[in-house]
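Each chain carries a letter (A, B, C, D, E and F) given by its place in the written order, and its residues are counted from 1.
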Amino acid sequence: MQDILSLAAANLLTPMILCFALGVAASLARSELTIPEAAAKTMSIYLLFAIGFKGGVAVNDHGLDASLGLAILGGVVLSFGLPFVAFALLKVLTRLSAIDAAAVAAHYGSISIVTFVTATSVLQSSGIASEGYMVAVAAAMEAPAIVSALWLVARSGQAAKMDADLWREILLNGSIVLLVGSFVIGLVTGAKGMERIDAFIVAPFQGILCLFLLDMGLVAGRGLKAAKGVLTAGALAFGILMPIIGAAAGLVVGLGVGLSTGGVALMMVLAASASYIAVPAAMRVALPEANPALYLTLSLGVTFPFNLTLGIPAYVAIAQAFGG
Amino acid sequence: MQDILSLAAANLLTPMILCFALGVAASLARSELTIPEAAAKTMSIYLLFAIGFKGGVAVNDHGLDASLGLAILGGVVLSFGLPFVAFALLKVLTRLSAIDAAAVAAHYGSISIVTFVTATSVLQSSGIASEGYMVAVAAAMEAPAIVSALWLVARSGQAAKMDADLWREILLNGSIVLLVGSFVIGLVTGAKGMERIDAFIVAPFQGILCLFLLDMGLVAGRGLKAAKGVLTAGALAFGILMPIIGAAAGLVVGLGVGLSTGGVALMMVLAASASYIAVPAAMRVALPEANPALYLTLSLGVTFPFNLTLGIPAYVAIAQAFGG
Amino acid sequence: MQDILSLAAANLLTPMILCFALGVAASLARSELTIPEAAAKTMSIYLLFAIGFKGGVAVNDHGLDASLGLAILGGVVLSFGLPFVAFALLKVLTRLSAIDAAAVAAHYGSISIVTFVTATSVLQSSGIASEGYMVAVAAAMEAPAIVSALWLVARSGQAAKMDADLWREILLNGSIVLLVGSFVIGLVTGAKGMERIDAFIVAPFQGILCLFLLDMGLVAGRGLKAAKGVLTAGALAFGILMPIIGAAAGLVVGLGVGLSTGGVALMMVLAASASYIAVPAAMRVALPEANPALYLTLSLGVTFPFNLTLGIPAYVAIAQAFGG
Amino acid sequence: MQTHPAKRVEIIIEAPMETRLTAALEKAGVTGFTVLPVLGGSGRSGRWTREGQVGRAGMVAVICLIRPDRLDTLLDAAFTVVERHIGLVSITDTEVLRAERF
Amino acid sequence: MQTHPAKRVEIIIEAPMETRLTAALEKAGVTGFTVLPVLGGSGRSGRWTREGQVGRAGMVAVICLIRPDRLDTLLDAAFTVVERHIGLVSITDTEVLRAERF
Amino acid sequence: MQTHPAKRVEIIIEAPMETRLTAALEKAGVTGFTVLPVLGGSGRSGRWTREGQVGRAGMVAVICLIRPDRLDTLLDAAFTVVERHIGLVSITDTEVLRAERF
């Protein structure tokens, strides 16, 4: 407990978290501080590329073993399964329509890559190793949750608009392609490739993450301000409870597939985090009737900050407690 | 004198100044070289963040003392006072209307953060230390000049459009929030925070400043070309004289509040520099009748290059002469 | 031969080439992965600035000698001459109209700066030195080919729209100004200037090149997909044969003007590469009737990848074979 | 100068629907259109802005100039896409130069 | 396809005035509008371009589709903001699909 | 609110031709225009998008509000530039506030 608290305190006073807080505060105070859309997109491309590449190089270093397949399988199961838990929890805590609840559920089965990136950087500065292939697990967990959510909608007698085009869009969405692509490039080029580009993808990484989290804070703050109406007490409770449930499920799966302490922590983070890029776009196409203010506010305005500040240090500490 | 000249020469032949010169030359030759708006904005966010953070870390290092408050007070007095000097000088040198003169005066009471950033990098490469909290002084000097200018307008019997919204916009404008925010983050996280992100905010700093000054040169050159009409001999003289007067006032205040040699030089730079981002936007709202071509050309086309090339090395040399 | 193959293999498995391949694959699979226009432009500005500056510093280091003039002259002759070869070859291999053939020819006389940048980074990682002034040669080779192409059009009895404005645009186009400007800045500031900004322009260079090539791959892939119709077997053959012919001409000229091994390799690369930024824009103005899909697809979709993957290692190996 | 009557159709639609809309237009034989970026806006679902966004949030504006007799085909195609989605379709009478291009 | 008459109001205004304009529109009950970016332009105060700009220089274009009977409210609201400032307001007759959305 | 008839001319033209067009407009005495960015589009020469482009690819949209009696001067000027090039010119009747600004 002592450990969790001191890790939480250490985590809260890092430049990353404080940058996010600055962004939220600036938005709420209606400062006109903004980061250009092109810069935000480019930083997210940088982060995805860097994290994928590093993961690939790490796997090239340590060799691939069966555990990769197992971990991916575990992640996919989580992504498929968690939307059902989320849907049930929403039905208990809120009065959302089936469509709204299913749309929210899709977000919580899927993952937030920035939460993942922040967690890897926390692990790294705590000196805890993790499996390089966890980025592949992250990529694999993006899409399955959408299937579950659409199935939930169909079961409630409503029609979701799902076609081949949408499948291609989801499976080949920018972040999956970049994450898997750079993972493979890192895997193929290994330490030699790393040597060439480490000054770009390793050294400035945390600094760029700071600016990116500043932007995330600005966007999250804007969303919170705009979405006073949608955030009922029940929805808010869901936004805090669901990541805890997800993390618990991630803990079980992570231990089950035999991940290292760092790997278990990352699996918890993936399960606890909620998508705010890929799934929202898919929901606009497949479930246009669902209210975007609801799922975006929950995912980006409630769960993301919760994971960033309290969640990650707690998950890491718990993984350490279980990992020995 | 020898020293000033050699410092000036050394300053003129740095990549930074030459990049600015390249930008001006390219614009005047009507090259279609341009830097995307998003890139320019992102570089300015980077520079503000880096300089604020470094300032905060420096204060964390050396501890806060009463001199911070005194220096901020000194800066605020300068920002309030200089517009009156500028207004009077403009009345002598030009035939500008009261509104135009007041709008120009607001710019010269406020500050140019890029001039400040360039000066810190000159100080650094000359091995001259300065107070980390000077970034807070810079932030504090952005707004007061606007009040003085609006008072000058009101006194001439005209109405400026000043409302609560505009106050919020000015006080929470992007650069103040970012500068103060990153200063506080640096202050809180200190050397430990710096260690995490120095590869991002220290190492590439001067290179990014080069590209940013290239962009400033392009914009300044474009402005000069477009503003042949507005730049009378009197206005031009003002654009050179006013920074010298400002620097003298900054010298007095800097010595008065007991700053170090580097701190005095920076106070001179702040007083000598003229805003070209925050104040122009405020003037468009509060004094729409004032001619933007006039104040932008003076600030960005005349005073900025003057400070960049001749001013900064002179101010540093003078501060050294007085500092002992 | 052994050497060429192993160099080719080593070259193919670098992060750069794999990033380009990832981009092409993502485009062809219709992933919505995109890099913002502003980011692509900023990266290209960075690459031009870095390569120009480094070239200037290298010349400052080794001193200027007559060979610079000779090399530029050789490059200009190539740029003037190659369009005639290209035009004749197109007449043999394809049924293009004179205007289309001339427009394509202009691209192949001119140069691709990214191919050049990639080649310098291959040379560097192979430890082969080259003349710093080759960037000036690159800049000098951008425009002459356009003159030849317009002359070819005029000879076929058609009118190209060539005026003073267009000349200024071509000679002062962004990449020439930036390349020459940063070359001069590097030349003037030398090792001292380099010391200030090397953490920006040297360390992250290859990483940024990777992301830029990812973008180039995305754009090239999109072009290939859209241009099924225009790419006849003859045109395709031209896109592979012409760079080989160009490289041969570059070899002769490079050896003729007495360049080092690395310099010869770069001259081959310049002659072999085809423009896809400056010349297309000039062609839209001067030869609006020419089909842009044709020249863009050939230049960016066929010749660029050919040079990137097979060409560069082959040219380097051949230059080494001749260089001793 | 000789001008010809035409219709200017402006469709403001969510960015994730853009490819579907343009595909539907192309399928209906409407090959000419231009896509403009949108910075932000406001509607029944509140205010939004593109600033700082990473995902494909927001709207785009698609502009079609079309011969009056082709208008209904276009509207039918657009409507199937816009139907269940956020989207505004407006049609304005206009004149164009060089009608042979349409 | 069934269409309904409407007005398309296009307001080109300085970027620093954008929030004031949209606030005035909202206050007047106009909740639907779309903001388009502007690259540059020219007018009595000369040429300008957004390229390389750091500040909030330049203009934006605000587009409102509105029922004809609500037009005057909108114009009054817009005019109070535009009055002392650079800004162009144009009103075009148009037709919209799905009038129930306005 | 008092409005005045005007013409809204929209010219969609290749980016490399933009400076030529605006120079021609200025030469013809048309000093007011606004340039909007274009993201992509489709026409006889296929689809294109600005995404990831380094060069001056693509189109821009130039909008002129002009007094009806000045229209022909504008069209003549625009036509000389657009003639051999890709480009669309459309003219719409509109009303403007503050006609004294035109």
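Going forward, contacts are C-beta pairs under 8 Å (C-beta built on N, C-alpha and C of every residue); 3 or more make two chains touch, one makes a residue touch a chain.
Please read all numbers here as calculations on a predicted model, not as lab measurements.
Participant: Going chain by chain, each one touching the next, work out the least steps from chain C to chain E.
Facilitator: 2
Participant: Suppose chain centres are the mean of their C-alpha atoms. Which chain sits farthest from chain D?
Facilitator: Result for max centroid distance from chain D is chain B.
Participant: What rotation angle takes the CA atoms of chain D onto those of chain F? Round to the nearest 5 degrees.
Facilitator: Resulting rotation angle: about 120 degrees.
Participant: Of all chains present, which has the mean Cα position farthest from that of chain F?
Facilitator: A
Participant: Nearest whole angstrom, what separates the Cα centre of chain B from the Cα centre of chain F?
Facilitator: Using C-alpha averages as centres, the distance is 38 Å.
Participant: In angstrom, rounded to a whole number, how far apart do the mean CA points of chain B and chain D lie?
Facilitator: Here chain B and chain D have centroids separated by 45 Å.
Participant: Calculate how many whole Å lie between the centre of chain A and the centre of chain D, each centre taken as the average of the chain's C-alpha atoms.
Facilitator: A distance of 34 Å separates the two centres.
Participant: Send over the residues of chain B in touch with two or more other chains.
Facilitator: Residues 32, 34-39, 41, 203-204 of chain B each touch two or more of the other chains.
Participant: Two or more other chains touching the same residue: where does that happen in chain E?
Facilitator: Only 19, 36-37, 47, 49, 56, 92-93 qualify.
Participant: Hey, which chains are touching each other here?
Facilitator: A-B, A-C, A-D, B-C, B-E, C-F, D-E, D-F, E-F
Participant: Hey, which residues of chain A end up touching chain D in the complex?
Facilitator: It comes out as residues 34-37, 40-41, 44, 161, 165, 215, 218-219, 222, 226-227, 276-278, 280-282, 284-285, 288-289, 291-293.
Participant: Name, in rising order, each residue of chain C that touches chain A in their complex.
Facilitator: For chain C paired with chain A, touching residues are 13-15, 18-19, 22, 25-26, 29-39, 125, 203-208, 210-211, 214.
Participant: In their complex, what parts of chain D are in touch with chain E?
Facilitator: 10, 12, 36-44, 47, 49, 59, 61, 72, 75-76, 78-79, 82, 88-93
Participant: Going by the contact rule set out above, which residues of chain F touch chain E in the complex?
Facilitator: Against chain E, the touching part of chain F is residues 1, 3, 6, 8, 22, 26, 31-37, 60, 65, 92-98, 101.
Participant: What residues of chain F sit close enough to touch chain C in their complex?
Facilitator: 14-17, 19-20, 45-57, 84-86
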